[in-house]
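All chains are identified by letter, namely A, B and C, in their written order; residue positions are counted from 1 within each chain.
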């Protein structure tokens, strides 16, 4: 039982990070119908931007204020990165076949990984301890304070995003654009700007996930490490399982993937974990391609 | 000076020459209708006017300025709204959200009161305000499309096939509303396959055939002309 | 083109036409193996080039010909490598009673069998992955194949340690294929491969791809790429063609893997890490840069990029950055790839097909 609860907790903690990432994939897919392969690299940059700032300014003492400002700074920098990626790489291809956009996305991903490696070096970096670490035991289950804070932060961001998408004017515009670009234009919605905004928001969330990874694990892998891409892929799987294009679906999917990963890793095999998640993806795509909360079935073409 | 002046408008879809030197004018306060058979270029004309498709030649002058090359959202801001073919309702959004989107470009504070006015004019939309728009019937969706376009407070409203797929009784109702809107001061450019209905409500009309203007005149003149009666009114 | 094909031609001419290129190509391929001394740097580079040509040209069957998008080519390559090593290692033990390299007729026969088995295993996997997922939209195939590649890699990592000859008796024969050396890789002594084998396979791949494109099958492939709905409307079973292309591509990737797994120095250990998605991406870059649908374009891109990789080894870090930028620029400025669907000789003759 204790073991079960431990896996559950860990699953929620990892799952909330997947959910943050999955939101970026699902929003871009919803609005432009392509897999933004570079998203996992923006996530990586979020971790490295904050690491770089922290080491530059020698922010080594744990402080919630510093942690929050680093989080916001990384989100702002990645939002800018996302904006530039869309503007320079994807916008020129707005009318091109989707395959070309996908290849471009792979190009952007490779570019960010390898230039990240040039800028930030080829070694894993230890991430400064931005928050005081306490571990307390609840009914035999070890709970780390940083993990709790990470989950709460992730949840807060998700609530904020949900409010943005479903309660504000720009959110309505985003949903309208994801349904029909042309008609959205007729409403007076500046479609290109809304698409930019979607990248900005998604990238900021990815950056937050990157910072939370650093805070939770105290170490970040080198920029071109395949674990970043794998993180991203699993988050994309989460978005598909939740129903691509659906914001609540991405959150649910992220959580499910996190739990699944921990339980499979805990009870079956850590090594087979990723294989099982991809197998799950294939099964979902074959059985219910629209995902759990997806509205649109996947067209055949 | 007409509200809208179109001169020698050309539109190509790839290799297909969809509009061929179309010229027309709409005066302030009028209802002007474009009639013609399927594929004559009626909807394409509206799309070119609202920036949904790019024209390949000719001029479009609206309210004294050229709007060729402007994006849809810029054109709407000038007071030219378009209720597109197939209604273009955002099915997964609520009726209210659809209406609010219609006023997206407006910065004045009167959106809320306009929404109330719209609900008065279309009581059924008030009833269904919180429902997702995809659950509405065809007639209700058409009303929503018209209401949503009106939320932009347009000077000129482009209406594409409002009768499409609707029962005759509902069509009557929609056309009554069109006339009413016009009385309130909105100029209307109406595309309609049902020529009889269109000519009954319009002041003037243009007949389009294979992307070209074939005839033009007052609605009553055209309704009386033999050619129109034969080709489009199914008489004689 | 069509009238020429419609004219009846004599049997001898038909045979010459179909067999001559094979004979000449194989001759050249085998000859290359005799000219270049083994164990040299030149041999290593030529070997890398050969493998990359097979990978790029076979991936082009899917990504270029049918316009689908596979990102799991490394997975098929891994399957081919491991399946073929299972044949030469465990099969070799059954045949010879040891696991050494037998450079004689029997040994080469075994190796040839292992290449075919490697290809077939990969092809079977291609069928299993392709059949259901090719019904999905293009970018979903991309993610499914990427996932598939990762599954293969992960599963290979959790295999058991290689059975040493002296332990062979303790493991049943049917359990042996599960002993693939874990994440360390399948280390063995069966360095059967040579440039002759490699380039024979290169020639066969090129000829197969070319023949396929010039056949009615090939036209069906291209029609799927250009317009799927129209292709279906004229009665082309698009899914079948897509699956066929996919299976064939997997076969050649499997063969490439098998060659790779038996190359002295590089592949006498096939490591799961060798076949991660960067390997798939590299093949994609070659196809995209060379031209989606152009066989010689893909092959030329494979040659160029392999050589560049060697030349730029000292500036390794900048290499991938510039490849990535090149990829983005090509997509924006020349979306059909440098060659498009044209072949090298179309440029030489200064006319389009």
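Note that contacts are C-beta pairs under 8 Å (C-beta built on N, C-alpha and C of every residue); 3 or more make two chains touch, one makes a residue touch a chain.
Values in this document were obtained by computation on a predicted structure and should not be read as measured data.
Central chain assignment: A. Criterion: smallest distance from chain C-alpha mean to the mean of all protein C-alpha atoms. Contact analysis places A-C first among chain pairs (by count of C-beta pairs in contact). Inter-chain spacing, taken between the CA centroids of chain B and chain C, is 57 Å.
Chain A and chain C have Cα centroids separated by 34 Å.
Chain B has its Cα centroid 43 Å from the Cα centroid of chain A.
For chain C in complex with chain A, the residues that touch the partner chain are 67, 69, 132-133, 135-140, 142-144, 146-148, 150-151, 154-155, 157-158, 228-229, 276-278, 281, 284, 288, 317-318, 320-321, 323-328, 331-332, 335.
Residues of chain A touching chain B in their complex: 169, 172-173, 175-176, 179-180, 182-191, 295. Touching chain C in their complex are the following residues of chain A: 33-35, 89, 92-93, 96-104, 106-111, 113-115, 117-118, 224, 226, 229-230, 233, 236-237, 240, 269, 271-272, 274-275, 278-279, 281-282, 285-286, 289, 298-301.
The touching residues of chain B, counted against chain A in their complex, run 50-52, 71-73, 76-77, 81-82, 84, 88, 90-93, 97, 100-102, 104-106, 148, 152.
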